[in-house]
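Chain naming follows the written order as A, B, C and D, and within any one chain the residues start at number 1.
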Amino acid sequence: MDLRDGPEEAAFRATLRTWLAANVPAELRGLRGWTGPALALGRAWSKRLAGAGYAGLTWPKEYGGAGQPWRYQAVYLEELAKAEAPQHLGVIGLGMAGPTIIAHGRPDQKARYLAEILSADDIWCQGFSEPGSGSDLASVRTRIELVGDHFVVNGQKVWSSYAHIADRCILLGRSAVTGEKHEGLTYLVVDMKSPGVEVRPLRQITGEAEFNEIFFTDVAVPKENLLGEIGGGWRVAMTTLSHERGTFGFALAGALDVAVRKLVALARERAGADALVRDRVAREWIELQALRYTNYRALAHLERTGAPGPEGSVAKLRWSEANQRLTKLAIEIVGQESQVADGDGTAAYWRYQQLRSRGNTIEAGTSEILRNIIAERVLGLPRSR
Amino acid sequence: MDFSFSPEQDQLRAHARSFLEKRFPATRFAEIAMSEDGWDRASWPELARLGWTGASIAEAQGGAGQGFVEEAIVFEELGRALYAGPYFSTVALALPALACAPDLLAKVASGGLTATLAPDDPVRQSAGAKAKGAAVEARRAGDRWLLRGETDLVPDAGWVDAFVVEARGPDGIGLYLAERHDARPLIRVFDTVDTTRRLGRVTFDDDSARILAAPPAATAIIASTRRRALAALALEAVGVASFALALGVEHAKSRQQFGRPIGTYQAVSHKLADTYVETELARSLAYWAAWCVAEDDAQAELAAVAAKAYAAEAAVAACERAIQVHGGMGFTWDHPLHRYYKRALWIESFDRSGAAHRAEIAQALVAG
Amino acid sequence: MDLRDGPEEAAFRATLRTWLAANVPAELRGLRGWTGPALALGRAWSKRLAGAGYAGLTWPKEYGGAGQPWRYQAVYLEELAKAEAPQHLGVIGLGMAGPTIIAHGRPDQKARYLAEILSADDIWCQGFSEPGSGSDLASVRTRIELVGDHFVVNGQKVWSSYAHIADRCILLGRSAVTGEKHEGLTYLVVDMKSPGVEVRPLRQITGEAEFNEIFFTDVAVPKENLLGEIGGGWRVAMTTLSHERGTFGFALAGALDVAVRKLVALARERAGADALVRDRVAREWIELQALRYTNYRALAHLERTGAPGPEGSVAKLRWSEANQRLTKLAIEIVGQESQVADGDGTAAYWRYQQLRSRGNTIEAGTSEILRNIIAERVLGLPRSR
Amino acid sequence: MDFSFSPEQDQLRAHARSFLEKRFPATRFAEIAMSEDGWDRASWPELARLGWTGASIAEAQGGAGQGFVEEAIVFEELGRALYAGPYFSTVALALPALACAPDLLAKVASGGLTATLAPDDPVRQSAGAKAKGAAVEARRAGDRWLLRGETDLVPDAGWVDAFVVEARGPDGIGLYLAERHDARPLIRVFDTVDTTRRLGRVTFDDDSARILAAPPAATAIIASTRRRALAALALEAVGVASFALALGVEHAKSRQQFGRPIGTYQAVSHKLADTYVETELARSLAYWAAWCVAEDDAQAELAAVAAKAYAAEAAVAACERAIQVHGGMGFTWDHPLHRYYKRALWIESFDRSGAAHRAEIAQALVAG
């Protein structure tokens, strides 16, 4: 047990920190939405990250990755958050689609897709959730029919980040309507420029659109875009989702670290003597340390066994609730001015964060589903459904 | 000991609910909320004709001669319908001061005057205004007064015909009426999160005003206004919470996941049960506060503070749970829930935080 | 709407308050357990209450009650709590067995049982819960067999207050093991002095025994002790349970009122300047007012419709959680001395109350069951089982 | 960056768990808890032979030459087994002061000396003692010292061979050793709710003592003792929480109501999931604190305070949820749960409340 960076990690961290200080464009900090001029900035930033070797840190070298252990990805996420730098626009390609293709793809698929993910030339999105299938993913209804040498896709996906700028989509749909519902699923790579694909931004309670709906109308997808087998989509999708959780906790703790620092500054400035505020600030600081060190324990487990433990669910569950409490506390400190969206930077910042935080317990696995997962898979309790 | 409404009061509620449901269905209030003005001005004379603007105004002045309990029923129903318009400003915030002048009461009852309160309370100003030490000063000019200064975060500032201004004169804080048609203060309406109740900044530059209450009398009116306002918001919050609960229950009954309505899962149903319980407790506190305000009971201050603190938090929690029960859909702009949530947050932020209100109560308990 | 006492209630309250001031023996205050000398005091106190006309306030006059509206019972419970006077030992007879007999009993049963309940000559207990049937009452297994002119009872009941001093027991058992489980239940009155009845006190985490187990071994119960019909016990039991909730909320709010007053005194004495303590004290005071006025609303509903509304479940649910928070706060104020059971009065008092409070969310309907009841019966949500 | 235990440390834990499970099954520890003495004295030499009393003592003094991380493992396992005996007192509270005298360390390692700390901290005295202004004074008498005064709420006061006393001498607070065989202070053991770790009052009446650390040096030792004690209790709390969780999960799997195991109900399963989550977070904090204490890291103070505050509350909540999941059975004297609950409450009450600990952290954050 040693909670300090080893010499190689320390060197990697120092280099990265220096690089970030020199390379994060000021106009990128806090950018959201990736439309208009922000998109060009975001693309350039992603390419710069890729060029400096910070994309695919844990991907095997044979596929163009850096072949580093997970701890490098952890350090990368910590430092990126600390610098308040935006994510690489290709997170879905790097973290989900790429590892899924590495695990289930044919050699020609690997050759075709992986390099463009790494170079940030191709942005990917995910087409899993549907209006009728949120928590219950196995119930997706988007139809996939094999017609001659191509699939025809019809249906609607929802909650898809990056879809409005994506080049490709990993899509889970239904190729058989009879039999066990998990067994009728098929997993495709869809070119987002195909005729019949329509993306509509989904405006959320903050007033901004960060997610999208994707409508598929008679979209033709070449047969070679099949990942895994027809009817074998569930297993491929599980690979995608398990990769979502690998070092996800580090990104969350990194974001929370920034939020806690801003909260402390706000409290110091506007409510330094308020014992109730202090108590709640200390709670969130403790929660942050608890998540941080739980991540380190998870990382040790991941590096030893190669498989992510249940800590990913733990981190997501607690981060979402902490972020909701923390942003609520911040608007309480701000007072009635928190109702003014065009007020000074502080009020508007926290107002946005607070409204946005309500999605945290819903997106990427609702808190209810995460508690089910913990109860059933970790504690071995009988299924509640 | 009879904690029930009279048949007439029950009828007032039933009538209010059906009027508001027809007049402002969910599609309509989203339109209103997103409109430039944020208000359906044509609705005000209708409210006046229903007797709501003059509920507690004496019949001699054209009112209904009822009391705060009747107004409380209207506040709850307006909250439930998320009514956009200066009813809270006029009836809760301005009316106690306007009562100093019978001519004004008659105008309120008839729907001819809307008003709001520009408070002299540093807690209720923005950080920017606080830094500037903003306040309004009153200076005598013949039988009128001139107001000068700035006040911030004034509810419905962009809509109302008149401002009741807490301004500092030579003898302390008095209450003045600045009518828009002759005072013409500078008004900046902020882009408020709850677009149906926008806040604004009001700047007076030697604008002409009429005195409503001079310093010693004004203090009691300001205190009673605060009690009315807190009780009214508690009732609005109960209306908001009830509607959010109803939306959540409906969704839990109809939405299917894993082959069953999601309301069969205790993670959903118990959350809604907690919302029901908190809404009922908030309702009890709000009705208690309403009765105390109506009767000018000795407990009115504590009751109003307690009810507002509790009901606001209950309404916020009710909306948050309803959003969670709705899943992603509850997080979208097109669903009505976020508008209720933003109203609940507005109510919560008004006057002081729940923690500050509880500190007031604790002071009375522990020191008393 | 008028939240003041009307003239008659005010007079009743004033008389009662004066009577209590003069009649509650000092040695009775705070007594628990009803064993040894406490029992004699408790019996004498119950008879004194009955003698002064405070038993059966809402019972019909034809059965010896005072025939008063429910508000008198509410005032009685408020004032009893305020005086910190113990309950009438016959609460189960007065509040549950008696009303059940009035609703379902034959004239001879009414003649035989009701007067002794009112006079406090007979103490009753309840035999419903079993080790295997806590929340799921319809699954009770205590066997009731009709053999000639009497029933034979075999089985075990648990969580029975007053059983160690009771003269009679209302017992729900199973007379048929086939068919729908609700339909095989039968409801009897059992003489606790019958051969084969054994009562064992159940020691709880406070170290005291307030509840009992009752073992029935071939207990003969005369046929005329049947209440309702053979196989019709479920309906009779529902009457018993609905009466449990009638004005129960007033007793709970009364107890909470006393607890809040003691908490305020403790906070004033030992933590008057602590903003966190003040916040939590204010929360409980507000909760108390919320429960109090919810009770008044429930009372108005009960008097208008004759049927208790859902507020009984609300009051029990929230009172139990409030009492747990409140007693926890008290021991936190007391500090490490709260670990000393033989310390001064304050520490020992709160220590007992805090441990005892853990039962509040379990006894008389667990919080989980109460939330189910609210979800299903009030909100109309589908059953969770 | 490696947050994992070494194979040797994993083995220590596995060995400790199996030893304690065999040596102190649930039936046995109930007997011990209800015994007059409250302790199985024969177990102490066994702990010494296992190398636990001397885990962090140098091999030259007969110890195992390990560190606080190994002791942390033992604390967690002793908490899980609800061990009754002065391990916490001797190894967490007394050892840093005893380290001033190598002869004493050798006795601790061999199992020949148990000790506790009698603190000079007004927060850690009873209200009665506080009112009296109780404290211990030290006066020089040749090469020995005489102690006089009273100290309260001393853990395991009835069991130990010696007291490390924080006493006020002419130059401030120093650390003194009063061994029972020659000092003979008056000891009153209180009827403590957690009978496996009883508190006592110790009264010195010019009792003979040996100085361990004079005023300036003593301050640093007192501070490091507090860090060790808080980290040790955080680990015990994690052990308590883990065991309560295991009991709750087992019950939820086997207990049937309405024809299904109660663990199928989310009202039960989600409560247990929350216990799991909080226990794991507490564990992370406790291991972090243990490492900081072992390494004398600059963050040791904050880490120990945070870990104790969080883990104690997590353990209390874990026991409360387990009691609730067990229904009436969890509320009975015969079930082991209440003993775990009482230990959790004991831990929570030690030193200061969670709120006071968070205030320390906030002071560092907001002021720093």
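Rule of thumb we're sticking to: a residue touches a chain if its C-beta (ideal position, glycine included) is under 8 Å from a C-beta of that chain, and two chains touch if they have at least 3 such contacts.
Keep in mind the model is a prediction, meaning the values are calculated, not measured.
**Student:** Weigh B-C against C-D on C-beta contact pairs and write down the one with more.
**Tutor:** Pair with more contacting C-beta pairs, B-C versus C-D: B-C.
**Student:** Average the CA atoms of each chain to get its centre, and name the chain whose centre is farthest from that of chain D.
**Tutor:** Result for max centroid distance from chain D is chain B.
**Student:** Report the inter-chain centroid distance for chain A and chain D in whole angstrom, where each centroid is the mean of the CA atoms.
**Tutor:** Each chain's C-alpha centroid was found; their separation is 42 Å.
**Student:** Give the residues of chain C that touch two or more other chains, as numbers and ranges in rising order.
**Tutor:** 275-276, 279, 368, 371-372, 384
**Student:** Residues of chain B that touch two or more other chains: which are they?
**Tutor:** 260, 265-267, 270, 355
**Student:** Provide the residue numbers of chain A that touch chain C in the complex, in ascending order.
**Tutor:** Against chain C, the touching part of chain A is residues 274-276, 279.
**Student:** Help me check something: in the complex, which residues belonging to chain A touch chain D?
**Tutor:** Result: residues 1-6, 9, 71, 74, 264, 267-268, 272, 275, 278-279, 281-283, 285-287, 289-294, 296-297, 299-301, 304, 311, 314, 317-318, 368, 371-372, 374-376, 378-384 of chain A touch chain D.
**Student:** In the complex formed with chain B, which residues of chain D make contact?
**Tutor:** On the chain D side, the touching residues are 265-267, 270.
**Student:** Under the stated contact criterion, what part of chain C meets chain D in this complex?
**Tutor:** 129, 131-136, 139, 158-159, 202-205, 207, 211, 270, 276, 331-332, 334-344, 346-347, 351, 355, 358-359, 361-363, 366-368, 371-372, 384-385
**Student:** Mind listing the chain B positions that touch chain C in their complex?
**Tutor:** On the chain B side, the touching residues are 1-6, 9, 69, 245, 249, 252-253, 260-261, 263-266, 269-270, 272-274, 276-277, 280-285, 287-288, 291, 303, 306, 309-310, 355, 358-359, 361-363, 365-367.
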